[in-house]
Structure formats: C-alpha cells, structure tokens
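Below, each structure is written out as structure tokens.
You will see two complexes here that share subunit A, one where it goes with subunit B and one where it goes with subunit C.
Here is the complex of A and B:
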C-alpha cells in the first residue's frame, strides 16, 4: 500500500446552522496511517467538523472523500470509520468483553471468534484478561479509556476518530495515556484523527496538527512547524505563554513597536507585511546586564515569579505591558521584586506574525 | 462521627422514625384486625377472634370474578401505558424539539385533574359516542390518568441517559432498530420496569375512575366501597387486606425479579470467562 496516498480528502467542507457558519470551506488531505490532530478553542467548530467526518452530522456543502469516493451521504453505521467519544459512551449494562465485542455481535460473528478477538485486543491494550467479565461501571478511568479504544479497534475501522477522550482525566494519567495512544497508533498503523483544545496534547502525539479558529483551518503543519513558525498571532498564543508586541514594518529586517517607542531588529520582513505582531517565546527572553547584551533590549520592573517545577517564570512589566521570561530552575535569576531589570532577545529568536 | 453524636439525638431520630412509620401503617393494621373477627359486625375491641370470614371470602365466586376484572384492567393498562409512556418519555426527555416545553406541561396536566370529575366527563363522552360501559372503557379511563404518571416515571430514567450511547452503537455499525434493542431499551429498563409497577398498582387501587366507567363490571375498590355504603361484613376488611398485601407482594416480587436478573447476568458473565 502506498503510504503517501491520501485516505481522507475534504473539499470546501461547510456546515451552517441557520445563519451561523460552524465550519467554513475546509480543504484538507489526510495521509494513510497519519496521526492528525485538529486543535482549537471551544466553539471553533472542531467538534462539528469531526461529527461530519463520522457521519453523525450532515455537511451543508462540500465533499468528504474516502479513498477518492464521496461519502457525504453514507450514514455513520455504514462508514468504515469509528469514533472514541468524549464521554467514552461505554454501554453501562454490558461487561468489558461485551462492550469490546459489540460491533462483532452486530456483524453476527461467532461467539468464540468474538471472544478471541476481544481477549487479543485486551492484551494489546494491557487490560488484564480476567476483566473480560467485569462490568464497565466498575473499571477505573484509565481502564475505561482502554475499553473504549478496544471497542473501536474491534470494529477494524480505516480511520479512528477521537473526540477529546482524555479531557476528563487527571494530568499524570493523561500524560501516560497520550504516549500509549501514540504507541497504539504505531502498532496498528491505522489513521488516527484526534481533536482536542490542548495544543500540548496535540504536540505530544501528532504527525501533523491543524489549528482551527472560527470554523476555519488557520494553519496546518508538523508540531515543529506549528511551534517554531506560527503564521498568526492566534496560533502563536494558542501554544502557551508568549510575548506578543504590536509592530509596524520599518525596514528589510527592522520593525517599530509604537507602544515602547523603539525600533526592533526582527527576522526578514516578508513582502507585503505592513503591520502585525512580533512574538518572542518566554525561553528566548533573557535578563541582561547592559544594553549590549542582546540585539534588542527593554527596561522593565520585575513584578512576580512563578515556580513551574523544572522551570521558573518571571513577570516583567515594561510600562503596562507584561513580559514573561522563562529560565531553567538551575539558572534562576537572582533579582528581587520591584528591581529594575533589562530584558533582551536576538532577532533570530523572534517570529513575525499577522493577525 | 455518628458514634460521637449525643445519645439523645440518636434516640430522638429513632422515635421520630417510629412515629412516622406507625402513623402510616396503623390504619392497615386495624384493617387486618377488623378482618379477624368471627362476629357479623364491626366492633372494637374484638370479642370473638377467628378466620371464618377469610374462608368465606376465598370461597366466594363473586370475589374471584372481582379479582379477574381488576387484574385484567390493570394488566391491559400496564401494557398500553408503558408502551405509550416510553415513547412519550423519549420525546419528553431525550430529544430537543420545537414545542417540547409545551408538550411537557400538557402531558403532565391530567395528573392534577380531580379524578371523580375526570371519570364523570369520560362517562359523558362514552355515552355521547354510544359506547357501552365495561372493563374496556375503564381501561381507557385509567390510561388517561396513568399514562402521564408513567411518562413522568420513565422520563426520570431517560434524563440520565447519555445520547452518545446511541451514537456510539450506531457508529459501531448497528441499525436504528439494533440501537434501540441493544442499547436504548436495556439501559432504560429499570425506569420502564418501575413505570410498569406504577401503572399496575395505580390501576389496581383506582376507585373514582372505575366507579363511572366500568358499567356492569366491578373492580375490587368499587366492591369495597359499595359494601361499606350498604351491607358491611368483615369480608370487606378481608378483601381490603388481601388487595393491599397483594399490591405490596407484587412490589416485592418486582424487586426480587430485578435482583435475580442482575445476579443471573453477573453469573453468566463470570461463566463466560
């Protein structure tokens, strides 16, 4: 099988509810075997998009192509795709085994074949074999996640969809399950399409990420690309704490920040860029002794510090603008609150973005 | 924590609980006592104890006929009410649709109709339609009042139903009918079962609707009323006791069935491993 061929293609896919456009003209190709994550804040249309892909919501216009064939009008139970729900939607009146075997029972697969398949999936997902007869209501959160995944895999779908299944799980277990899910993706070689509001979660697991905003895909790329080369202020801010300054173009690699009344050395200003934002990540900002310590420099007041385990963040106020400087714990800054400090960064560590 | 609570507080809670229980069950106990007399009349304290009236009551063909009529009506009411109420409850609590709010109010309104007035108005309607009063018209009359109650009981279960369960089953390849049979129905079963018990017992004990609409047929509550108005014998408390205990017994049997089903399911789950 050609691993480069697209399994799912979206062409101008649109969904409107009355006068509200939830999803607007989305074009996207998803490669066979890819782990693709759609990330966006609540209300960005990602759930609606997913529901159209699974067949639970009909598209207003545009096409959904599965291996080249249009599946818009195929109902969910006829599509070779399967979804892991946010609530998991495990059948509470059934055991772990019966939940996993559900789709096989629907297909009239013989009971012993069903059971063998269920036990095999349970082994693969590290569920103890004696859980087969256990009621799902007696399983822990992590076990229920695995049962839901096993149930979806038993259907043997071409594409697996995930609707934020980890959002209700505590941090530590979530980190474990994220890695497990990526391992399962590797083992099964299936196409995974995952939606989440957490870009951090998306970064850990995905081959590619699509960022959604107000019903549109604003940027698609590898986790590396999304992190290091966000194209808009929205995407850059979505990743986490960033320092954003409103700037206007002034030269081939010089911009002007009116708020601070200074010119700033920046990466090459793209043709057609007149006004936008300059983004500097907290770890790219540093405290400097004097103005020659970095290409760009601002003077501010140390306001607060936050200990984040292995890292420490410092809040520095320049006029009314808040900057976040992040340092490793071993390199903690010795300044006191209300000290006047100089913060600086180099042009290569900053990113120019549009709105 | 509880053991640290002052003793008098615990005693007060027990005394209060006992008072409430006595208040609710003493009349029933008096009914039982009144049936256990050998004399013809209702006199307290009872002078001559005996089970003579119990034997007479159980031997009476008339009483057998009453039981049959009451059972037949209650059975028909249960089957029809649960069927209507299940789908009514799905519309009530599961789906969001235009007019749902009004529907929710309209469907519950009949619960608050004074039943004697409802019975009379139904009688007038049946007459106008040229129907002869019998147990069938009584079934209809009971349904008017019991379907709303049953809808409300099942709705409570439907409210706690996660619609994603149906979507998940559908997504896993099930047809709409398979989704209903494999997921919706079994998950809602406890609610449906309590709805059925409610329907049966409310029909079994109903007097005001039956009074107007049974025609020549007679149910147990109607007979009890007629006998108390004229022609009292200790057979009345006997029948009253049997009817009450029978209803209580049905509740217990219903509960036992649920427990048994759960155990059997658990047992079969285990044997599958």
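Here is the complex of A and C:
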C-alpha cells in the first residue's frame, strides 16, 4: 500500500436541507494513514460532512471516492469505515466484551476467535482483561471511551471516523486520551478522520487540519501552518486569544489602521490585498519603555490582568479596542491597573489576513 | 419527641401515604381474602373459617372460565404485540409531526365508555347492521354475522386494550437512542440485525410494561364476552360477578377472586423475574 496515495477523495461534495446548504462543494484528498481533523464551530456542517462520509446521510451532489471507487450510494453497513460517536453509542444492555465483539458477531465469527480478538484489543487499549464481562454502564468515562474505540477497531475499518468523542470529558482526562489516540493511530497505521470544535485538540493530534466555516473548508494545512499562517480572520481567531486590527493597504509593507489613526509596519502586503486584518498573538505583544522599543507602538491603559498558571495575560485598552498581552510568569509586568502603558510589536510577528 | 426521633423523617413523611394505601388498597383485598374462607352464602367474617369455597371451586367447572380468560388474554396480547410494534415504531420514529394526530386518534375512543363502544360494534356487525346491511343493499350478499363468535370477542378485546399496549411500547421504542441504532448499522449490521440486537432489547422495558398491562386487563375482561360474544363464553370475571350478584354467594365470589389474583400475580412475577426491568434499562 502506497502511503502517499489518497484513500478518500471528496469532489464538490454538497448537502442541502431544503433551502439550507449545510455542506458546500467540498474538495479534499485524504492520504492513506493520515490523521486528518476537521475543525469548525457548531453549525459549520462538520457533523453533516462526517455523516455523509460514513454513509448515514446521503450526499445531495458531488462524489465520495474511496481508493478511487465512488461510494456515494454504499450504505453505512457496507462501507469499510467505522465511526466513534459523540455519545459513544455503546450498547448499554451488553458487556464490554459483547460491545467490542459486536461487528464480529454480525460477521458470524466463531465465539472463541471473537473473544481472543476482544481481549487483544482490550490489552492494546489498556482495559483490564477482567472487564470482559463487565457491564458497559458500570465503566467510567475514560473506560467507555476505550471500549468505543476497541469496538470500532474490531470492525477493522480502512478509515476510522471520530465525532467529537472527547467533548464531554473533563480537561485532564481529555489531554491524556488525546495523546493515547495519537499513539493508537501510530500503532494501527489506519486513517483517522476526526471532527472537533476545539482547534487546540486538533493541533495535538493531527497530521493535517481542515477548518470549516458555514459549510465550506476555508483552510487546510498542517497544525504548524494553521497556527503560524492563518489565511483569514476566522481561522486566526479560532486558534484562541489573538489581537485583530482592521487595516487597509498603504504601501508594500505598510498598512493603515483607521481605528487608531496610525500607519503600521506589516509583513509584505500581498498583491490584490486592499483591506483586511492584522493579527498579532498575545505573546508577540510586549510592554515597552518608549516608542523606539518596537517597530509598532500603541498607547493604552492597563485595564486588568489574568493569571493563567505559567503565563499571565494583561488586558490593555487602546481607545475602546481591547488588546491582550501575554507574558511568562517569571517576566510579569510591574504596572498597576489604569496605568498608561505602551505596547509594541515587530512587523515579522504579525500576520495579514483577509476577512 | 422520642417517637419522632426513632421513626426518622423519611418514615414520618411516608406515613400518611402508607396509611392511605393500607386503607384504600390493602383493606379491600384483605376483606376479599377473609370472605373467601367463610362458609358459603354467609355474610359475616366472625365465624369459623374453612377451605370449603376453594374445595367447591376445584370440584366445579370453573377452571373452564379460568382457561377461557387466560387463553383469550394471551391471544389478545400476542395480536396486540404484532399490531402495535409497527405503529409504535411509526409513532416514535417515522410519523414526525403526524404522530400527535395518530396518538389523538388512538386516545379519543378512551373518552367514551367501553360498553358504549362495544355496543357500537354490535350495531356495526349485527345482521342488517352497518356492515351486513350495506353488503346486502349494495351487493345483494348476506354472509353470516360474526357476532357471538370467539373471533369477535378477541376482536373486541384487541380493540379495547390497544392503547394499553401501544403507548408503553411507543415509549419503549422512543427510548432507543438514534446514535446507538446508527452505531450498530455502521458496524455492519443489517436492518434485521439492528432490530434483533439493539432495537428490540433496548425497547424491551416498554414492551414488557405493555404486555403486562394489557394482559392483566384482558384477563379481567368481561364486557367483550357479554356484549359481543353474547355470553357464549363465560370468562372468570363473569363467574365472579354472577357469584356476587345473582347467586348472592359472596364467599364463593371472593374465593374465585383470590384464585384469579394468585394466577395472574404468579404469572406477572414470573415475567418480571425473567425480564428484570432495571437490567434491561442498563441501570445495573
């Protein structure tokens, strides 16, 4: 199997419900063995897209190609793909073992072969072997998560889909499971397609990320690319706290921020860029003594501070515009609330994005 | 104060309901049980008790009435299950906004007395009635009336007890989460396997409640056999009614009632043991 060949190709894939377009002309190639994450806010169409890929929803138009063969009309139970649901959708009337073995029982695999496979998967997913006969309803959240994954792996799918399975899990366990999932991905070598509303979660696990907005894929790239080179204001804001200024092009690397009445040194303004936004990350902003301390500078009022453990965030208001400045705890800023402060940044630390 | 402390707040608050249940629910039952042991055709509890009434029943043909009641109830419940599951499935998953309308259609007849509705069916099926009269006038054919047959009794019972099977069943079917169904399908199950492995077991609590409710009611049915069946068959409830009214033999009626309670109670307990509702619901 060539690891560089596409396993799943989407061609102008569209889904409409009445006059509402949930998914609009998505083109995407997913590589064999890739961990691909689709990120988007709720209502962006990511669940509908996933349901089309699994066969639980029919496509209105466009094609879904699995290793080159069109699978639009193949029902979910005939597709070599399997999904881990948001609710996990375990069978509450069955034991852990029976849940994991479900697809094997459906295929009439002999009971002892089934059990051996289930126990092997349980070992792989670090579920104690004596859980085999335990009711799934008695398992903890993390254990149920692993049972759901084992059940999907027992189906031996070519592609595993995940519909936000970690969203209902508390932060600490989620962080553990994210890393475990990435390890499982490595061990199995299967193609994982994951959807989530959390870009942070996507960054940890994914080889590539596709950001969805209003039914369309607005940007596809590696976590590094999405983080360091967002193409739109939407994507840049999706990553977390960022400072965004509306700007218009003024020179080859100068933009004008009408809100503050200043010209700002920016990265090279791309051809055709007339108006958009300048994005500066909170950690790229710094407090400066005087205007020569940075290429760009704004004067504002220190309004509040928030301690985030190893980091501290400062809210600085320039007119009514809120800026967030982030410092490491060791380098805490000594200013008091309502002090007048100068904040500055260099052009190389800012990103020009379109709307 | 000491008393209040020893019995605790939970017991204290439950006491009024407990007394109410004892007086309103247990007392009449105890009275019936007591009456079943006094001599035939007497009316006082304060005399020597005996098993005379039970001996009389075991030497009589009352067992036929028991068998008729249990048999008719069993047939009714089986037919109801087959009719109601598709309707329940439709109400819970397919009909969408029309589910309310269908529910209403099944509920409205309950507002009218059972006897009135049964007499309505008599008018429908009777010779020269709605059905046969129309057939005669339009097509000139005159089949035998189905009234006063066992079939029409079962028909009447199915008709009367349908809501008691349908609504718990609908609740049961609607308790199956969509994602669980989707998951089974996604794991390769066919429609039949999804039904057998997931939908049926998960909707079993509702189905069992429907079975029990309609069975218990159907065993006590009396009007269908009287009105539609023309008293060709005497169900056990009819025997009990005769003992208490025409025969003025309260102790015999009481003994019959006790036996009926024992038979139905045993069957219900057996079913409840076989299908532990908590286990089915996944609470344990």
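Basically, the second predicted complex is superposed on the first by the 355 of 355 C-alpha atoms of A that agree within 3 Å, B and C clash if a C-alpha of one lies under 4 Å from a C-alpha of the other, contacts with A are read in each partner's own complex, and residues count from 1 in each chain.
Everything that follows uses one rule, which is that a contact is a pair of C-beta atoms (placed from the backbone, for glycine too) under 8 Å apart; a residue touches a chain by one contact, two chains touch by 3 or more.
On a predicted model such as this, the values are computed, not experimentally measured, just so you know.
Subunit B and subunit C, once both complexes are superposed via subunit A, clash. Once chain A of one complex is fitted onto chain A of the other, the partner contacts of A:137 are limited to subunit C, with no touch recorded for subunit B. In the superposed pair of complexes, A:44 makes contact with neither subunit B nor subunit C. In the superposition on chain A, A:115 contacts subunit B only, with no contact to subunit C.
Once the two complexes are overlaid on the shared chain, A:54 sits against subunit B and subunit C alike. When the shared chain is aligned, subunit B and subunit C each come close enough to touch A:107. After overlaying the two complexes on the shared chain, residue contacts for A:97 are found with subunit B alone; subunit C is out of touch. In the superposition on chain A, the residues of subunit A contacted by subunit B and by subunit C overlap at 54-56, 75-78, 81-83, 85-87, 89, 91-93, 102-103, 106-107, 135, 151-152, 155.
Only residues 162, 164-165, 167-175, 178, 182-183, 186-187, 189, 266, 269-270, 272-273 of subunit B touch subunit A when the two sit together in their complex.
Subunit A contributes residues 54-56, 75-78, 81-83, 85-87, 89, 91-93, 95, 97, 102-103, 106-107, 115, 130, 132-135, 151-152, 155 to its touches with subunit B in the complex. Looking at the complex, you find that subunit A touches subunit C at residues 54-56, 75-78, 81-83, 85-87, 89-93, 102-103, 105-107, 135, 137-138, 151-152, 155. Those residues of subunit C that touch subunit A in the shared complex are 177, 179-180, 182-190, 193, 197-198, 201-202, 279-284.
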